[in-house]
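Here the structure is laid out as structure tokens; the discussion comes afterwards.
Letters A, B, C, D, E, F, G and H mark the chains as written, and numbering starts fresh at 1 in each.
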Amino acid sequence: MTNEDRGLNLDLDRRRRLGMVEAVWGADKTVDQIVAAARRLCAAGETLLVTRVDEAKARAVLQQLPALRYHPQAQCITMGKGMTGGPWQCLALLTGGSSDLPVAAEASVALACHGVEAELIADVGVAGLHRLMARLDHLARFPVLIVCAGMEGSLPTVVAGLLPQPVIAVPVSVGYGVGAGGHAACMGMLASCAPGLCVVNIDNGYGAAMAALRILRTLPIENTEGQASQAPG
Amino acid sequence: MTNEDRGLNLDLDRRRRLGMVEAVWGADKTVDQIVAAARRLCAAGETLLVTRVDEAKARAVLQQLPALRYHPQAQCITMGKGMTGGPWQCLALLTGGSSDLPVAAEASVALACHGVEAELIADVGVAGLHRLMARLDHLARFPVLIVCAGMEGSLPTVVAGLLPQPVIAVPVSVGYGVGAGGHAACMGMLASCAPGLCVVNIDNGYGAAMAALRILRTLPIENTEGQASQAPG
Amino acid sequence: MTNEDRGLNLDLDRRRRLGMVEAVWGADKTVDQIVAAARRLCAAGETLLVTRVDEAKARAVLQQLPALRYHPQAQCITMGKGMTGGPWQCLALLTGGSSDLPVAAEASVALACHGVEAELIADVGVAGLHRLMARLDHLARFPVLIVCAGMEGSLPTVVAGLLPQPVIAVPVSVGYGVGAGGHAACMGMLASCAPGLCVVNIDNGYGAAMAALRILRTLPIENTEGQASQAPG
Amino acid sequence: MTNEDRGLNLDLDRRRRLGMVEAVWGADKTVDQIVAAARRLCAAGETLLVTRVDEAKARAVLQQLPALRYHPQAQCITMGKGMTGGPWQCLALLTGGSSDLPVAAEASVALACHGVEAELIADVGVAGLHRLMARLDHLARFPVLIVCAGMEGSLPTVVAGLLPQPVIAVPVSVGYGVGAGGHAACMGMLASCAPGLCVVNIDNGYGAAMAALRILRTLPIENTEGQASQAPG
Amino acid sequence: MTNEDRGLNLDLDRRRRLGMVEAVWGADKTVDQIVAAARRLCAAGETLLVTRVDEAKARAVLQQLPALRYHPQAQCITMGKGMTGGPWQCLALLTGGSSDLPVAAEASVALACHGVEAELIADVGVAGLHRLMARLDHLARFPVLIVCAGMEGSLPTVVAGLLPQPVIAVPVSVGYGVGAGGHAACMGMLASCAPGLCVVNIDNGYGAAMAALRILRTLPIENTEGQASQAPG
Amino acid sequence: MTNEDRGLNLDLDRRRRLGMVEAVWGADKTVDQIVAAARRLCAAGETLLVTRVDEAKARAVLQQLPALRYHPQAQCITMGKGMTGGPWQCLALLTGGSSDLPVAAEASVALACHGVEAELIADVGVAGLHRLMARLDHLARFPVLIVCAGMEGSLPTVVAGLLPQPVIAVPVSVGYGVGAGGHAACMGMLASCAPGLCVVNIDNGYGAAMAALRILRTLPIENTEGQASQAPG
Amino acid sequence: MTNEDRGLNLDLDRRRRLGMVEAVWGADKTVDQIVAAARRLCAAGETLLVTRVDEAKARAVLQQLPALRYHPQAQCITMGKGMTGGPWQCLALLTGGSSDLPVAAEASVALACHGVEAELIADVGVAGLHRLMARLDHLARFPVLIVCAGMEGSLPTVVAGLLPQPVIAVPVSVGYGVGAGGHAACMGMLASCAPGLCVVNIDNGYGAAMAALRILRTLPIENTEGQASQAPG
Amino acid sequence: MTNEDRGLNLDLDRRRRLGMVEAVWGADKTVDQIVAAARRLCAAGETLLVTRVDEAKARAVLQQLPALRYHPQAQCITMGKGMTGGPWQCLALLTGGSSDLPVAAEASVALACHGVEAELIADVGVAGLHRLMARLDHLARFPVLIVCAGMEGSLPTVVAGLLPQPVIAVPVSVGYGVGAGGHAACMGMLASCAPGLCVVNIDNGYGAAMAALRILRTLPIENTEGQASQAPG
């Protein structure tokens, strides 16, 4: 066994422990590392999610393993059928602008790997507040809301002030100047005056999906999409 | 109506909209502002939670309104019986060290205002990992985990890597040097390699409680404390 | 002439050049420096505004110069009748919470020194959005809006997305953790997705007032408050 | 309707609400997204402004929609004749150095879309103060001044100390070391000792233009370029 | 010899090596440490400068050593007659506002310890530029200029753009919000567009004095105060 | 068992696992928490080290437990005889200035609790480099060097460039302006060009001591100071 | 001798002084500078380590000096046989994920140049804690542990809480958002609650290796991996 | 006259006012802007210095104006013979490592434009302190020292502690991790414990040269290179 092999020590126990498929952070991995991970997980009968894979790297990976599937907007590679045992409810995935779509897509792919559907409600940022207000009744039907926003990142605060469900805020690295890198959005979401807003790392669509999954797993299975199992008292 | 009166425009609709009692951020309010808020909410038949009230200010408030109750460790004032409609489940409230207790206490008081009980599991930080490992089976029974930690803030990451429930991480402003103000803990929790960790602002025990409440509200009411309604598949 | 005297070199030309009364930043001045400034300006027939004077320092100043007036909430000292030549219009002064009142009060006193009235509309933060929505028609009548907010500072963004007037955003140092010192609010206001939002320094009520004054000065005098317009006395 | 379509939810109401044409942040949009936005706005009889479009992306967009116009220095795409209802006055657009010209050009294009002309007065930075002093009388005739500066960003402070009009400061990301990214300029403009200076985000020429537009809209229409309607008292 | 004694290891060689008297940073020293340092230097026939000593600590030190002298505005203690070998020229010490005087005073006392006189020209900040312009001819006569400024710190940039001498910029911790602690001033001075501006640490009046001393030492001794020995070509 | 009791969950296993006495971070603990910790450890036959205890709190603790010992310069409380099994070698503890002594004292007390002696070599900062150069031969005899420095923190870099032993750098929060809080020193030590310099948190004298202890434990115990020896089991 | 030559002033004395081979920071050097350094060291009979050399630059260097060896994962060039006098013990080199391998490889190559072998134990991050726990007995046998981790960087804290040896923590620039550049990991390692953790700069595999070498040099040389041994002269 | 022309408003008065040639910051200028500036200055009989011009841009400029000269290491373009009126003394230009050479070269070219020669003493960083100590006597002969250093930037502190002349510190953006961008070096130089160290912006070789020129201009002309005109008393 070479040092190169030792570099990959996949957490094959994750599905049993956390109920999640093994996910690989692709940004700092070589094509060879990703291919090796896919082969090992495949051999173990596992599914796979690789995030942050740009198009060139994905092409090189799929050349060796054509059975994998690449999702270009989400920059993700998936393998296998994902987890079953669901379906749980559908959740809502909001974005402030269309520039936030890649992050929302990463969340959507990650949820799909676990048998959860996400309804995308994009471009409802607070600069044109009527777009959100017109959808409040529709939004009230989802058990969990993931809200992605860049720039100053006000959208999750406004949503969490209007609706009682769990709201997972995802700061997005869309912005410039003091808003560059999503840091203003991230700070604003953490400092939010809305009670009970939860935040994940900038651009962390995958993390928001897994946080939502942890919540959905606590809910009873139901038949109808978008009906909250338990309304606030 | 004077300018002074206009300064207080309480959100009496919050209970209906979000299922939460009105909460007042006490740190930047005068004794008169807090007393006025309490009187108005009392007149409206509402309950009240005031956070971040130091002992001197609390004494001055209670001198005028002896029916209020002060919680010294949590630095909170409460009024009335809190919300009914529960009880929902008990959740677990972990801290890395005993210095994190004030933040945990704020969360605990805020949950109690909404009829939710929190079991405190303190001083289980990763510097002595056996303290956490010995409690894993016990922790597995709670539907939601709130984890408070200062310094480098590793505890929520370790917990979220071992257990499948929703984990709400609270960075605590215990530390010095590069860890001063809880910023290292906050950054570490956001940057966590554990999938699906949610973060609230530094020292935001109240926010963590409300985030947990949003989750618990989606669950079916049950009888036994500490039994998850729905295990991961 | 001693060095101590040289330390004070007041800009007696400011009224002619900018149409503003001399304003003194009181936070880093001694009682003696403030008294000397007041005496010199009084001798020159000028009015005076001293900002950031805490109660103890103000008492010591007024003991020597009882004709001055102290505004405790605004932490300002004023002298004389302010500028005439007006009246211009009234503007609206919004705050997200009652903790923002001291900053709004500083703006209000500074405007009053220049013959401008400010209508305070406090505690309309986005966590309870209905409070703002109910006042939109009223707000539409003012030529300029000053909006003060702490925490994540979303309010100016939401206001500027709904209304077409000049909006001057004032971040307020109300907050904790990542929101401490008003920095998250300041970054969020600068990074705002609302078009044409202007920002002044954190807690800079005086600056917001002078920015509003610069705008109001360009307007024709009018008769009715809040219409393309003529200001009150 | 696909998810891809949902990604674009243009604010067609903006012109009615704020008197501004829909503006699209082009930096994080694909060619397809920009083309789709242009088509939809065109169909709605709207005009369009797309900012932050580099030359390659602009070429790809114009290949599909040759009626659009690209402004290379401003990195903007415009469509249609812009808003009418004017002309309001001309305003002055100052820059500290010739490196600030792209930001000034973005402001200029955005103003032109709304029927406002901007007179460019470039390269008058404080390192050669005589260049500014020689133009003071000329500058005094404009109702609003937009001042762009990088490095330490002193120019808006000096201008606002000399002239009574509204001054909108635009920090520019020209600089290196501690001045990299325009952060030193931005902090300096916010911390300015000049009373009533307003600041927008770094490089935000579009925002400065919209802030100026909000002010100009409050002014009566007049015939002569550059004559302030109302002098300070 | 105890550990306590070892804690003080004064640089008695500094005068020979650098031509400067031993200076002690008083802020983090106890009364006993300062007294011990003074005694040892006195025994060695040296002079002494202690900076950053607040009034209470100074009183306690002088009670034990009444021959020392306290300078309250400069917060310095001095001992002995200072260095001889001069006098070199007088230099000019400018401040933007009267709040900068304590920093200027520290520089002034430090220079006096080395036989150099400083002419204070206070309160000539750029918000009222005429105050500086009226003194340009006078300033042109000094061989070195020390310029102290807080807030946005533009003054040294403007001075260095107008005058050819060495300019030492001292950022001052006067300010609030983004200008708090003097950081905006410091960044602005470093990022300055004026060629050849030198910067010392925030509030470092002592350091500016020593930098000036290093320059003055390279000049030929002369008789008349304020006449540059060598004009630019 | 009350919540208050649960707050303290001491790591009684630390001595067996790491060979270190239980250390309590005293800064955020109440007098009651410290007393309870001391009682429990005493009952378990353990020793105790409490760091960051100011004089007032220490007095209150010792009033209840007079057998404890307070070290005022180090701000530490100790109990019992410390660990035996030593003595190992003496190590050298350098400081740049006498202001760094409290941090060095914390390291010294922590080492003494584990039977290790530290020789203090204070005030050898690089501003007077001859003080260090004169001690190089002496320093060469110690197996480990702990080097404390504030301001720009150059001393550990210079030491590690001259001597081959393990060097543990401790940034000290002595400084002001950009050096405030020890951050400049900390960054400088991490960015050091000297090969193999190790850094602990700002002011972390205890951490440096424990890092040194981990190294010394690997060495053979010896009899004479500064010569190789032999470690315990 | 030209200026170009003067640019290179190698520290040929380093081996004698510190027992380390000359190491050249390759990132900011040209091909010519690296070649010149290699030639001069070769002439002096020295060995050489060049770090941070990307593949293209390395190819250009090796074209001129084919006797050099390039290590692609470590991005290092080595020359000669390295130092002899060993072998000392093998140490353990842990990584949190496979993305940390390049940093670990730099450490490994640097140690190999000094005759020290490093056993790589990769991908044992805390998100799957069982991977570490299963190796504790094996890890206990190494005299020094180097632990590389990105993201939140918890691994060194957990390791140092479980094992008594010297632990050198290396933050790795693997991460995004608030974890970008390794800053969250670096802050977390410095702020660690584990006693005696030492930290080097982000990605500083070379520095960690040299810190380990300083420690290993104090040990007696031995034959069997992981047992106390004896150091060289 | 078009807007494009207005973009260039050269400070033709600079030579008269400050005794410096016009310098153009080339990094954010187009080839056309640089060519236009050169033509205008040439027509005015002026010389020119353009800094921060990469090789490709320089080639394009020189194709149009072959009389200009490009300095590749310094990344500067010069035109004409530079200023006469000298020669003043030679000064010393030190660098910590060979990676700092481009910054030193920028300073060297800028000085040469003003008739001042700089003697380069490169690669004398504190990691190998003997290289500096061996040159102290030689360094003592220069009237001004410019010291460039990256990483932790200790070199200027050590130099200013050993030698009495004016020392201008230039932080260099050589480093990584916490030292990336030269920020650690910059903070360390400002926070320096050495008395009277002056600092310019990161990588600001030009600024250091102009600061030195301001000092040299105050000195009497002399004949021999490297002899200080006036020793400290």
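Simple rule for what comes next: a contact is a pair of C-beta atoms (placed from the backbone, for glycine too) under 8 Å apart; a residue touches a chain by one contact, two chains touch by 3 or more.
The shown structure was predicted, so the numbers you read here are calculated from the model rather than taken from an experiment.
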Touching subunit A and subunit F alike are B, G
Greatest centre-to-centre gap (Cα means) from subunit D is with chain F
Interface repeat test, F-G vs D-E, B-F or E-H, passes over-half contact pair overlap for E-H
Distance in whole angstrom between the CA centres of subunit C and subunit D is 26
Dist(centroid_CA(subunit E), centroid_CA(subunit F)) in Å evaluates to 36
Expressed in whole Å, how far the mean CA point of subunit B lies from that of subunit D is 44
Going by residue number, subunit D touches two or more other chains at 97, 127-128, 161-162, 177-179, 183, 186, 190-192, 195, 201-202
Listed by label, touching pairs are A-B, A-C, A-D, A-G, B-C, B-F, B-G, C-D, C-E, D-E, D-H, E-F, E-H, F-G, F-H, G-H
Touching subunit E in the complex, subunit H uses residues 17-20, 23, 83-86, 143-144, 161-168, 186, 190-192, 195-202, 206-207, 209-215, 217-221, 228-233
Subunit D residues touching subunit A in their complex are 3, 6-11, 13-14, 25, 27-29, 33, 52, 171, 173, 181-183, 186, 201-204
The subunit F residues in contact with subunit H across the complex are 96-97, 125-129, 151-154, 157-158, 161-162, 175, 177-179, 183-185, 187-195
Per the touch rule above, subunit C residues touching subunit B in the complex are 95, 97-99, 101, 120-124, 127-128, 130-131, 150, 174, 176-180
